[in-house]
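Take a look at the structures listed below.
Both complexes shown next keep subunit A, but they swap its partner, so subunit B is in the first and subunit C is in the second.
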Partner chain A sequence: MIRIENVSFKHRATPILTDISLDIPKGGVVALIGPNGAGKSTLLSLVARLQPLQTGSISVDGLPVDTTPGRDLAKVLAILRQDTTIASRLRVRELVGFGRFPHGRGRLTDDDNAIVDGAIAQFDLADLSDRFIETLSGGQRQRALVAMAFAQGTDYLLLDEPLNNLDMYYARALMRSLRSVADVNGKTVVIVLHDINQASAHADRIVAMKGGRIVADGTPAEILTSDVLDAVFGFRMRVETIDGTPFALHQF
Partner chain B sequence: MAERRLFGLGVAALVVAAAFLAIGLKGNIAFVLELRLLKLAALVQVGVAIAVSTVIFQTVTGNRILTPSIMGLDALYLFGQMLLVFLLGGVGYVTLDPQMKFGLEVLLLMGLACALLLPMLRSRLDMGLMLLGGVVLGVLFRSLQSLLARLIDPNEFAVVQSASFANFNAVRTDLLVFAAIVTVAALIIAWRARHVLDVISLGPDAATGLGVGWAGTVTGLLLLVSALVAVSTALVGPVAFFGLLVAALAERIVDSRRHAVLLPAAALIGVVVLVGGQTLFQHALGSATALGVVIEFVGGLVFLLLLVLGSRK
Partner chain C sequence: MTAAVSKPSPWTGLIAGLGLAVLFVLSLAVGVSPLPVNRMLSDPEAMQLLAVSRLPRTLAAVLCGAGLAIAGLIMQTLSRNRFVEPATAGTAQSAELGILLVTLLFPAAALWVKTLFAGSVALVGTSIFLATAHRLPPQQPFLVPLFGIVYGGVIGAVATFAAWQADLLQFLSVWTNGEFSGVLRGRYELLWIAALMVAVAWIVADRLTIMALGRETSIGLGIDYARMMQIGLVIVSVITALAVVVVGMIPFVGLAVPNIVSRLMGDNVRGTLGWVAAGGAGLVLACDIAGRLIRYPYEIPVGTVMGVVGGVVFLWLLFRRGGHG
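Up next, the complex of A and B:
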């Protein structure tokens, strides 16, 4: 379980997060939605100890993120940031292989190689596995990065806007992959999404943030209503339910 | 494939070393050989130290046209030398036990390098800022050094001046053993950190996510780099572009940024270029003092080439 208690975060004098408390039980897909600047990415990077905690506490499976050694945490929690650029000259396979680093400190055993192969297959990268990262398109690179986070084999997977640069086919494929790792492998996926319909279709729970606070928290059916979405995004949109799943028509 | 090329580089390094020892061997063979062996050991050490420190520095900064000396690290070392002469006087400086002095200098350089570079590396600044910062720091140390040079006695200035230019002819063999200890220790640490270096090259966020503490690791690596820079600068003097040349060549030749092959490749190329160049200049061209100039010239060209190619990408 990820337990976030009374977390506030300031960038210089500007408050980014104000008194956030949130429990995310183990298993399932949780989507974080909200307008730009709501603090979603900051919250995710605080959970993944990429930024130092200022006030409050965060623990993952009982391990406080600010005091647990990074090596131990890396076996429990994997993160993919939204603007990851790889400066190094690497092949896709080598990049995905880095996901195994917390386990073997760089030496890949047969088991590790099998996991890497599994991640490559899961995210449809087999044809690309010998290509250099810099020769890939934005979407292909994004998939390689998700595969690397997946190969880390952690119970918790934090993904910051992983659908960036993905076309419809791969956006759907990625969401379905995440759904299946949650259902089959019992993993916990916390994902920042801008496409609320993807959230509605694939997430168990949606947490909506605005201005550094959590403004709504519930199942897709509870969140995807005209009133709640108006409160979060600041305009009214039509919500239609198709086969039991609510969809927001926000293009009009 | 990378491994085979590495093997080829190893053979080349051995051939060059043998040529350095054997060509034109006459007279009192034991005496000449001993002299040449000492010099070879120093050159190998310098080549390896500069190559490895440059590769590590480039990985930490996430930037392939930076070298420790572009960031002003060896200017810092020379400023330290001048400061010592200024404080102790020429006689005091010369009578310092060279090994103790060297040890102190290594520690001093490590401390100063960390104090100066860590704030810049805390968050990876973009390349322009890093370069600018480094150039400004380098100029600062050189200016401070020339300020001190104006304040001291001309006789004492001569003492410092001999330490201020790269000279592959007159390597400091008296420091050899002590420097070798530092170099070998640093190389062992670098080799053991080869996988961590691969992870570091992914950047701070990815490295943290994979369980490599960014601040601590980068501090350690910077200490390592400054120790290696201190070794090479103490033995032959400052060389600005040699490391860049070697690191760029190594990456082209093994076509990989994996440190398990990149580090040895760079080290071997460092040896080949330095020892080979020295052999060539000693026996074929007669004027050995020019090696430093030629290496800097070629290295400078590579620097410009990387800048031009990099900006077009």
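Up next, the complex of A and C:
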């Protein structure tokens, strides 16, 4: 379980997060939604100890993120940041292989190689595996980064807008992969999404943030209503239910 | 350039090894008193020359070249910028200032004490450079080397002023312009510590590759980023200080070699470290041999030769890079 208790965060004097408390039990897909600047990325980076905690506490499977050794936490929790840029000339396979670093500290066993091959196959990267990252398109690069996070093999996976740059085909494929690791392997996926319909179709639970606070938290059916979405995003949109899944028509 | 670049074949390694061996033997043979390869091992006088002067000189060139190339590679990893190296980021200038100060204050100190002091000053100087470089906007990669050149220039100017005041200017030029002609048995052995530093770099090679992906990716993969930064800084500072104190600074090795290797093979340090070290050793050996031959029987310091060769290579790298977009 990820347990976030009374977390507040300021940048200089500007409050970014205000008194956030959130429990995310093990297993399942939780979507984090909200307008730009709501604090979603900041919250994920605090959970992944990329920034020091200021007030409150966060633990993952009982391990406090601020005091647990980094290498222990890296076996439990993986994060894909929103704006990862890779300036190094690494081949796709090398990059995905570094996802295994927390386990063998650099030495890839046969098991590690099998996991890396699996991640490469799962994200359709086999044809690209010997290419340098810098020669890939934005979407291909994004898939390589997701594969690296997958290869880390952690029980908890934090993904910050992983659908950026992905076409419809791969966005759907990624969401289905996440669904399946949650259902089959019991993994916990926390994913920041801008497409609330992807959240509705694939997440078990949606947490909505605005202005550094959690403003709504519930199942897709509870969150995808005109009133809640108005409160979160600031305009009314029509919501239609198709085959039991609510979809917001936010284009109009 | 979209095609995959295949891994170097064993043949490439063999040819590179042979090339290095040829340079090594040439370096033993070339000099004012001729030392033909065929009677190197039979003539006792030749043996003496070899053991006292030529072999130490050749080993010093290999150790300095390999060390400085690795120092450049690590510098580029830590700053996440391809255009920095110890000679253009204040490391060498800090080491020069350090050795100058310790020579002024404790002229009788042992060489290793002076080196330690120079290394410590280099560590401080490089830390300040990196702390500043990390604050510069990453969208403007040329700001970092530009800042490094200005920063190194300022420290160098302080060292020059201090040396001028103390009437030690000719000493300073010994440290700022690398030269192997004074290398003799008993006066270069400290350089083996550079080999030790290269070995440390080999141990942490994977961590270095990950560090080049940035602080957040490193932390996400469970690397102690701050500690690795310190280890990297120590390696860079120690190697640079050793070079400055024992033979004088040699510019551009740390810039040219890692960049060329990165172009050809990528940035997986575990795979490229050996090539960078060998390339640095080969380049410095070649420049030292050239410096002995160009105005035979007079010598041109290796630092000067490297300044010309390295400058041309660097410009070529810049323009090639521009061509790739």
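The criterion applied here is as follows: the second predicted complex is superposed on the first by the 252 of 252 C-alpha atoms of A that agree within 3 Å, B and C clash if a C-alpha of one lies under 4 Å from a C-alpha of the other, contacts with A are read in each partner's own complex, and residues count from 1 in each chain.
Convention: a contact is a pair of C-beta atoms (placed from the backbone, for glycine too) under 8 Å apart; a residue touches a chain by one contact, two chains touch by 3 or more.
Everything quoted here is computed from the prediction, not taken from an experiment.
Undergrad: Sharing subunit A, do subunit B and subunit C clash or fit in the superposition?
TA: Once both complexes are aligned on subunit A, subunit B and subunit C clash.
Undergrad: Thinking of the overlay built on chain A, is A:237 touched by subunit B (first), by subunit C (second), by both, or by neither?
TA: In the superposition, A:237 touches no partner, neither subunit B nor subunit C.
Undergrad: Thinking of the overlay built on chain A, is A:90 touched by subunit B (first), by subunit C (second), by both, or by neither?
TA: both
Undergrad: Contacts for A:53 in the overlay, against subunit B (first) and subunit C (second): which applies, first, second, both or neither?
TA: neither
Undergrad: Let me test your reading of the model: by the given contact rule, A:71 touches which partner, first (subunit B), second (subunit C), both or neither?
TA: both
Undergrad: For A:181, decide between first (touching subunit B), second (touching subunit C), both and neither.
TA: Neither partner.
Undergrad: Quick check on the superposed pair: does A:130 touch subunit B, subunit C, both, or neither? Answer first, second, both or neither.
TA: In the superposition, A:130 touches subunit C alone.
Undergrad: Show me the subunit A residues, by the header's touch rule, that subunit B contacts in one structure and subunit C contacts in the other.
TA: 45, 48-50, 69-75, 78-79, 81, 84-90, 94, 98-99, 101-102, 105-106, 152
Undergrad: Mind pulling up the subunit C residues that touch subunit A in the complex?
TA: 1-2, 4-6, 80, 205-207, 209-210, 212-217, 219-224, 262-263, 266-268, 270
Undergrad: Quick check: in the complex, which residue numbers of subunit B touch subunit A?
TA: Contacts found on subunit B: 62-63, 194-196, 198-199, 201-206, 208-213, 251, 255-258.
Undergrad: Once bound in the complex, which stretches of subunit A touch subunit B?
TA: 45, 48-50, 69-75, 78-81, 84-90, 94, 98-99, 101-102, 105-107, 149, 152
Undergrad: Quick one: in the complex, what on subunit A touches subunit C?
TA: 45, 48-50, 69-75, 78-79, 81, 84-91, 94, 98-99, 101-102, 105-106, 130-132, 135, 152
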